[in-house]
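The structures come next, written out as structure tokens.
Presented sequentially are two complexes of subunit A, the first with subunit B as partner and the second with subunit C.
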Partner chain A sequence: MAARILFPLAVVLAIVAVALIGGSIPFLQPLFSVALLYVSFAVFLFGFMAKVIGWAKSPVPFRIPTTAGQEFSLPWIKWSKIDNPSTTGGVLMRMFFEVFLFRSLFRNMRSDLRSGWLIHSPTKWLWLLALGFHYSFLIIALRHLRLFVHPIPGFVETLDAVDGMFQIGIPPLYLTDIVICLAVSGLLIRRLFLPKVRFVSLAADYFPLFLILGIVISGLLMRFVFRVDITAVKALATGIASLHPVVPKGIGAIFFVHLALVCTLIAYFPFSKLMHMGGIFMSPTRNLANTSRMAYHKNPWRKPPKFHSYEEYEDMYREYMKEAGLPLERE
Partner chain B sequence: MYDTGKVIIGLAIFACIFLFPFLYNHGTAAPQPKPSLDTPAIKALAEKKCVEDTHFMITTHMQFLNDWRDQALREGNRWYVNREGKKVWISLQNTCMKCHSNKKEFCDKCHNYAGVDPYCWDCHYDPNGSKL
Partner chain C sequence: MAKELTPQEMLRIDLTPPNRDWMDIPTVIKPGIYCYPAKPEKVEAVGMPNPHVWSPLDDDWGLPEDWKETFLQGMRERLDKHRSFKIFMDICVRCGACADKCHFFLGSGDPKNMPVVRAELIRSVYRGEFTKAGQILGRLAGGRKLTEDVLKEIWYYMFQCTECRRCSLFCPYGIDTAEVTIIGRELINLFGLNINWIQEPVANCYETGNHLGLLPHTFKQNVEFMCMDIEEFVGIKVDPPFNKKGAEILFVTPSGDVFAEPGIYTLMGYLLLFEHIGLDYTWSTYASEGGNFGFFTSLDMAQRLNAKIYAEAKRLGVKWILGGECGHMWRVVHQYMNTFNGPPEFLEEPVNPLTGTKFENAKSAKMVHISEFTADLIKHGKLKLNPKRNDHLKVTYHDSCNPSRGMGMFEEPRYVIKNVCNNFYEMPENTIREQTFCCGSGAGLNAGENMELRLRGGLPRANAVKYVHERFGVNMLSCVCAIDRAVLPASMEYWVPDVNVCGVSELVGNALVMEGEHERTTDLRGEEIPGFAKAEGEEVKEDV
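Let's turn to the complex of A and B:
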């Protein structure tokens, strides 16, 4: 059980160590920045697309949406339009709530034995942590655009100003930094300490959590403790994003640690559970309308059945049947 | 492939989102700015040295100035002793900007480049007259 936790942790620490060494040696810096980023980004982009195309090649002949409410039936029976949609509009609504608000997680339940009774009760922690984590991650990723593009688009500056609006310290501590720390720690603690969740957790569940926690910690350390020259980082990032890479001198090793962890995350992405980013749109349990009864769904695999009629049977064995004196329909 | 049209549209949106920096820059890198040290006060200096060493000033000036503000305005102590033991009068407008009198060519150059909007100028003004 412990190996499931310690192995991914050891891998993340090994990446940190390698990047720390590689980032401290000037002639290795192009390898640990430009080359690493291009390779892992290509793996991410093509791996992601290959995975989605692979899914799109799998036939889904029948409607298999999760029915989380009353299906459309009779006018006087109340129909759950979003949780059991049978129209495209309903499916779009369902997908909207799923993608933007994590409706399935909101429906999460816990089951406990309390004085001999199995009690099911709603629990919102997973939903709250997941929502906090995903939105913080999104905002942080968008804020990073200030380093990748020039001139900086207005919405990135607005996001930056709103996120840092409490002006806590210099450089300002962002709200999303606090939220992502709390949310990722919460999600990790959930796996580590809830016995039932720990039982079903594998190395592939812990690895992304450790990796993201490593990214967050290295990013915060870079911003607040081991500072680097941010203009040099931007020169590197815009160089990469304009296909004219340059590696300015004097970027601290902590930057290469942060970058190596991010590159690991994106290169690992297409091969992992993180593919739910594309998978949520490709889920037949979510993106299909429940028209199982109201529309005819033809089985695409159905071939015309092969019949073997009695006439053919008799033709096959006529001689033997005659020999045995059996009655024949045709002589 | 099933639902080819929808899948291709989805993947195109995905690619556009993740290739946004490449599409937006369209091949033009933004070179690292060089803040200008070309002011009369700096030229007149015998030894071109800031309050602390250059690397420290580049990476940590924001926190440094924040500490200066706290020390000067909240503790009322206007003397800073640097790592070489030299005493410096704490003042953004009278100490920092005496040498760095070119806010546009010095402060703003990197801040604009990196998308940083420091709130120094909510209270301070540029004594050398550039409009804020």
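Let's turn to the complex of A and C:
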């Protein structure tokens, strides 16, 4: 296997090993919980902001939406208000569908060449895996709020109840646990085995997948195999959230593995492709209204063009123009 | 070379990339794929840097000493000037959704033509030269250093992208390879490394006003030749005005329509339409180019060439501008012109003088598309049409990339076609409208020496035409793009013989019933219309 697969895997395994050791040594536990979380959270916050501000510093000189439907035109022509928006409301709708439902990915198509014919057929796998992964990740993250906030907010309780409604096993297996396992595995399998995706994949694509897989596995292990003292974890979490951190005794090492992987993910976030989370909101082909001819769009760095003026042109070709009977500014 | 490859041989395409790192696959520049380099005098003519004689097949490309710093500095500047470029360098997750959306990949199987990889060619330099991780970890972080080989690879693939934006439609973050290619080409042009097929039209357009370098009198003559054809085939005299001050409308179209088949028939269609409605308009020999090969060079050059249109509109004192059928011209007109050289406050909000329709969507840029204009005329019953004259045609419509994904004009041309033709058939839905495939030769790649690339890139479009040709007997591929009209005939001849190419306005011109016309037995091409042809001494047979 190529280095671009083995290297990120080795890094994730190394993090696991270090956290296992660190988490087993009581006097190192504050370092592997409180300090690590504060530092990585700070890195995330500042890194994320710096990146977004960095993007925002570059202007959008031209209005270049990718138009995916009929433009606003003559009054009797039905226009695509969302896929080719000309109003702020339309743009918001388009962004809503992009951000929450992955509209563009839903459009996905596979093209195959079969006995001389290019066949284009819809394929929803990537969309399904992506949607399954992002939503289960989101719900799982929100569910974790129960550890940090006291009393537990109502919506977290509701999420918990809905997510665990099938009551499979004790403690109950959450639906999102199953979905995220399937989705992350699916995304990894795509990268490993689909020739086109494998060809374009970098270490930076495998690394977050391995990390997240590690987070999911360690989380599940903690819940179902190496049970940790959940009250102690909650005490640690609320302490961290209220900026009065205490590290209770007796939290199993597996917890520190889980936490170290999570911290790695959030600290790595701003410097990685995971920033697509912020980038999608700022993508000029999606978040601009198609009003290029309707309204003036200013380019802050515009310079007046140097061009061949009509006067120069007439001076150059006056004789020809005269002979051809073309009107002249100066005879 | 392409010409020697049969379509069957050309179709032996393996869309499965090798099981290797793309950085390990050396790029070999192949004849039939690349275009000839820009001639130094054409680079010099517009004051662009480093004009010199070079060849893509040579080892030494005549790069200036400090080319690397210039390239990286140029990249840095563009990261600061374009949020699109900056974001697109950072957020690609390489999900692969774009991989099989590119006509060049589908037609060639070259894995570096997957849009994601084409962008990675530059993104890898961004990571390797500008990000800490890339500087330290190198390839492990997907970074590489800028070397001459890297530059050559970027050059090769920036001229295997037609900026059609099909990939951007499918990208979950809207990453637009066209943006990357536009900027990639700007960087290449810092060293005089343009291709001549782009550079020469740019230089011509700068000086004479059009890509073909037609001098004022020649431009006028060419249009007048077509008036003579109209007189012969239609039986009426048309006398189009040139450089006329005080006309209501300035008409601008790509110069290809003035010069070569089948574009000239489209131009005859415009002439007939304007005559039919008695439009107060003028041509300009100075702003005689709607197309803009500057757009394929640098945004700066695009702005310089585009500036003539507003300048001429101002000089002539027209109220608004009408634009002919062209693809990238309309990307520039729709998405760039107003920002480049506007707002044109000396113009008025466009109103159709015959119907009173206000073109709301063009109220700031003040330029209207001929299909929007014609659709409005037909809707208001201002045209007398006999679509039966197009009955021998089974027509399909090719959405050009730029009016599709950089504007969204889908219904207007279809409405026009359906009113002037009785037999209209759509190609499969995944190959039309916003999902349309490029002709394969856009963005300045319509040269002769890269014919293999063009035919390969044209495969997805041609394949869909072949489908409707075999299923419905389609024999005419209509479009609203001058490059399409210039290049699709070659693609059709190769992939789907028996299908011709025309502009939408040509179909309009054939159907228009002109006042004072004689019996129309031939179309605008001078070919007899089946069912309308007059045999010796016989009355005209009007089909019912």
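Quick note on the criterion: the second predicted complex is superposed on the first by the 297 of 331 C-alpha atoms of A that agree within 3 Å, B and C clash if a C-alpha of one lies under 4 Å from a C-alpha of the other, contacts with A are read in each partner's own complex, and residues count from 1 in each chain.
Methods note: a residue touches a chain if its C-beta (ideal position, glycine included) is under 8 Å from a C-beta of that chain, and two chains touch if they have at least 3 such contacts.
Values in this document were obtained by computation on a predicted structure and should not be read as measured data.
Using the contact criterion defined above for the overlaid structures, shared-chain residue A:48 touches subunit B, although it does not reach subunit C. Look at A:57: by the touch rule set out above, it reaches both subunit B and subunit C. Legend: residue contacts after superposition of the two complexes on their common chain; A:231 is shown touching subunit B, with no touch to subunit C.
Contact with subunit B, but none with subunit C, is seen for A:242 once the two complexes are overlaid on the shared chain. Contact with subunit C, but none with subunit B, is seen for A:84 once the two complexes are overlaid on the shared chain. With both complexes superposed, C is the one of subunit B and subunit C in contact with more subunit A residues. With both structures placed on the common chain, the touch criterion links A:76 to subunit C but leaves subunit B unconnected.
Once chain A of one complex is fitted onto chain A of the other, the partner contacts of A:150 are limited to subunit B, with no touch recorded for subunit C. When both complexes are aligned on chain A by C-alpha atoms, subunit A residues 56-60 touch subunit B in the first and subunit C in the second.
Interface of subunit B with subunit A (complex): residues 1-4, 7, 10-11, 14-15, 18-22, 24-33, 55, 58-60, 62-63, 65-66, 110, 113-119. Every residue of subunit A that touches subunit B in the complex is listed here, in rising order: 44-45, 48-49, 52-53, 56-60, 145-150, 152-153, 156-157, 160-161, 167, 169-171, 227-232, 234-235, 238-239, 241-244, 246, 248, 250, 278, 281. Listed in rising order, the residues of subunit A touching subunit C in the complex are 2-4, 7, 51, 54-64, 66-80, 83-84, 86, 98, 102, 104-105, 107-113, 116-118, 120-121, 126, 130, 190, 194-205, 271, 273, 275-276, 279-280, 282-286, 290, 292-299, 301-302, 305-310, 313-314, 316-317, 320-321, 323-327. Listed in rising order, the residues of subunit C touching subunit A in the complex are 8, 11, 13, 15-22, 47, 79-87, 90-97, 99-101, 106, 111, 114, 116-117, 120, 131-133, 139-142, 165, 168-176, 179, 206-209, 215-217, 220-221, 242-245, 285-286, 299-300, 303-308, 311-312, 315, 333-336, 338-343, 357, 359-365, 367, 372, 375-376, 379, 404-412, 415, 428, 430-431, 433-435, 459-460, 463-464, 467.
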